[in-house]
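As written, the chains take the letters A, B, C, D, E and F, and residue 1 is the first residue of each chain.
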C-alpha cells in the first residue's frame, strides 16, 4: 500500500521533472507558424468566416470533425448499451433526486425557451463570434438537463432524439458530398455563395453545417444524460403502470 | 503569463494523475481524471498563445489585412475545443461503467475487484 | 484607462479570495456550494473586466454563457444534497 | 390567461431577446429570428415568458414600471444594510424562518415575488407551498405571520396583483 | 492592460490549484465533484485571458454544468440503490 | 464620462468584495446565501452599468447579462436554501424561530 504510493509519487516526480524542463525552457514564437499564418490570411477569401476557429473546424479540418462527431455518437450508443444490460435492484428504481419545488418548476418553464434561443444564437453566429455547433449543442443539452432536474418525468422520447441525431448526421454527409460535386472537394463549403463578410447568412455552407453539428451534438448529449438519468428499469416500470 | 498557465496546466496534470492512481474510490478516480483532462487543455491553449496578440476572430477590432500579424494561433484552440467535447463523452462512459460495476458488486471500492489487482 | 481598471480588479480579486477561502473551509458541503455560486457570479465581472482591458466585445458572449448556465451546476448540487450527503 | 395567447406572447418575447442578442436590424437577422422563435414557441408548449399572464393595458405597464423602480430601490437598500451588517464587528444577526401569506395565483407572478423577496432587505425565500411562503430573515423583527406579511410581501404584491391580476 | 490580465491570471491559477487540492484531499465525494467543477470554472476564465473565447465557452457550458450533472446523477442513483 | 464609468465599475467591484466578505463572515449557511446573493447581484449590476458607460456599444448585451443573472441567481439561492433546510444543516445559535420546521412537523403527524 504505502510502497505503492511512494512508487507512484516517484514516477510522477520524474514526469514532473520532464514537464519542468518543457515549461521552463519554453519560449513563445515571435510570429505565427506558416500553417496558422495561411489560415489567418485566407479566412476571408476561402471560407468567408471571421471566426478562424470555426473555419478550421468546419472547412479546413472538416474531416476530423466528422470523425469526432462519429466518436461521440459511438459513445452515446455505448453508454446506452452498457446501462441497458443491468437492472436496478427491486424497489430501488426511479430517479435519484427528490421531487422539485414549485419555484424551480416555474423557473424552468421560463428559462427553457431562453436557453434554447441562446443555443440557437450560439450556433447561428458560430462563424462570426465565439461559438458554433459544439458550443451550441452543449447549451441545448444544458436545457435538456434543466428539464430533467426540474421535472424528472419530463423527457424527450428516445425515438425522437435518435431521429434528430441520424437525420442531422445524414445531412452532414450530404452537405459534404455536395461540396465534392459542386466545389473542390469533400466538405468544401464554398459551393454556396460566400456572401458579405461578417453577415449572418454568409460564409457558404458553414452556418448550415453548424446547425447540423449543433443538433447532432445536442441530441447525443441529451441521449447520454437521459441514459444516465433513467436507465432501462424505470421505463419498464412506467410501461407496467 | 504563458509560463504561469503552463505551470498551472502541468501541475493540474500531475495532481490529477496522482489522484487517479492512488484513490481507491471509483468516483473519485474519475474526478481526478477530469482534473488531469482540464490540465492538458490548459497546456495546449497556453502553447498556442502569443504575447501581445488577440483572439483569432476578425471583426472591427481586427481587420482582415492585419489578421496574420495580430491574432494568435487558432489551430490548438480548434484541437482543444473538440478535446473538451470528447472529454465529456469519455467521462460519461467511465461513469456508466462505474455504475455497472456497482450494480454487479454493490461496491465502488477498487480493492473489492480482486481480479483487477496489480 | 488600463491602469485605472486595476482598482476594480483588485477589489474583485479580494472578493474571489474571500469566496475561495469559504470554499476551502466548508464546513458543510452546502457551504462549499454557496461559495461556488459566489465564485461563478464574481467571474462574470472578471470576464467583463478582461473584455474592457482588451477592447474585444466578443468576449461578452462567454459572460452570457456564464450568466445563463453557471447556475445549473449549483442547482444540480443543491438537488443532490437535498437528500443528505 | 387564455391558452391561445400564451405561445404568441412567448414568441414575441423570444423575438425581442433575439434582436437584443444580435444587436442588429439587418433583414436576414430578423428573418432567422422569426423562424427560430416560432420553432421554439411551437416545440416547447409548456414554455412561459414574463409576459404570460400579464395584463397588457396602460395600467399594467404602469404597474410594471412601478414594480421595477420599487425593486431597484429595495435592492440598493438591501445591499447597504447588508454591507453595514457585514462590516459591523459584532455581526448583530437575529435569523429566523418566518411564514408569510400571498394572494397571488399566477405562477409567473409567484416566481417573481419569490425572486424579488430573495433580493430585497434581509430576506430569502426558502419554500413556497400553496399560499404560504417560508422566508428566512436575517434580522427578524417579528415572527407573527400577519406582521411579517405586511413587512415583506405587501410592497411587491400590490404591484404584481395589478400586473398579473 | 498587461498587469490586469496578469493579476487575474495569477488569481485564477492559484484558485484552480487550490480547488484541485481540495478535490483530491477531501473525504466527501460531493466536495470532490464540486472541486473539479471549480477547476474547470477557473480554467475557463484563464482561457479568456489567453484569448481563446471559443474554448472558454465550451469549457463553461460543459465543465461546470454537464460534467457536474453526470457525477451527481450517478451518485444519486448509487445512494438510492443503497451504496456506501 | 470615463471617470464616471470607472467610478461605477469600482463601486460594483467593491460590492462584489463585500459579497465575498459576507460569505466569509456570516455564521451559518442561510445567512451566507443571503449575503452572497444580494451583494453579488447588485455588484454585477453596477459593474455592467459601469462597463456600459465606458463602452456604450456593448450596452444591450450587458443589460442582457444582468437580466439573466437577476433571474437565475435568486432561483439558485432558493434551491440552495431549500436543500439546506431539507438536509437539516444546523442553523446559527442566534436563530429565534423556524416556522418551516414546525409546519413540516405538523404535516408529518
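A few comments on the model shown:
In the analysis below, a residue touches a chain if its C-beta (ideal position, glycine included) is under 8 Å from a C-beta of that chain, and two chains touch if they have at least 3 such contacts.
Computed from a prediction, not measured in an experiment: that's the story for all the values here.
Contacts with chain A and chain B are shared by C, E.
The interface with the greater count of contacting C-beta pairs, when D-F is set against A-F, is D-F. Chain B and chain E have centres, each the mean of its CA atoms, that are 11 Å apart. For this pair, chain E with chain F, the centres built from the Cα atoms lie 21 Å apart. Chain centres here are Cα averages; for chain A and chain C they lie 24 Å apart. In chain A, 51, 53, 88-89, 96-98, 101, 103-104, 107, 110-111, 114, 118, 122, 129-131, 134-135, 138-139, 142, 145, 149, 221, 224, 228 are the positions where the chain touches two or more neighbouring chains simultaneously.
For chain B, the set of residues touching two or more other chains reads 7, 18, 49, 54-57, 59, 72, 77, 81, 85, 88, 92, 95, 99, 103. Each of the following residues of chain E touches two or more other chains: 5, 33, 49, 51, 53-54, 56-58, 61-62, 65-66, 69-70, 73-79, 81-82. Going by the touch rule set out above, the chain pairs that meet are A-B, A-C, A-D, A-E, A-F, B-C, B-E, C-E, C-F, D-F. Taken together, the chain A residues at the contact with chain B in this complex read 4-5, 8-9, 12, 15-16, 19-20, 22-24, 26, 28-33, 35-37, 39-41, 43-44, 50-53, 56-57, 61, 64-65, 68, 71-72, 75-76, 78-79, 82-83, 85-89, 128-130, 134, 138, 197-198, 217, 221, 224, 227-228. Of all residues in chain E, only 53-54, 56-58, 61-62, 65-66, 69-70, 73-82 touch chain A in the complex they form.
Of all residues in chain A, only 51, 53-54, 88-89, 92, 94-97, 122, 130-132, 134-135, 138-139, 141-142, 145, 149, 221, 224-225, 228-229, 231 touch chain E in the complex they form.
Across the complex, chain A is touched by residues 2-3, 6-7, 10, 13-14, 17-18, 21-22, 47, 49-51, 55-59, 64, 67-69, 71-75, 77-78, 81-82, 85-86, 88-90, 92-93, 95-97, 99-100, 103-104 of chain B. Of all residues in chain C, those touching chain F in their complex are 1, 4-5, 7-9, 11-12, 14-19, 21-22, 28, 30-31, 33-35, 37-38, 41-42, 44-45, 48-49, 51-52, 57, 60-61, 63-64, 67-68, 70-71, 74-75, 78-79, 81-85.
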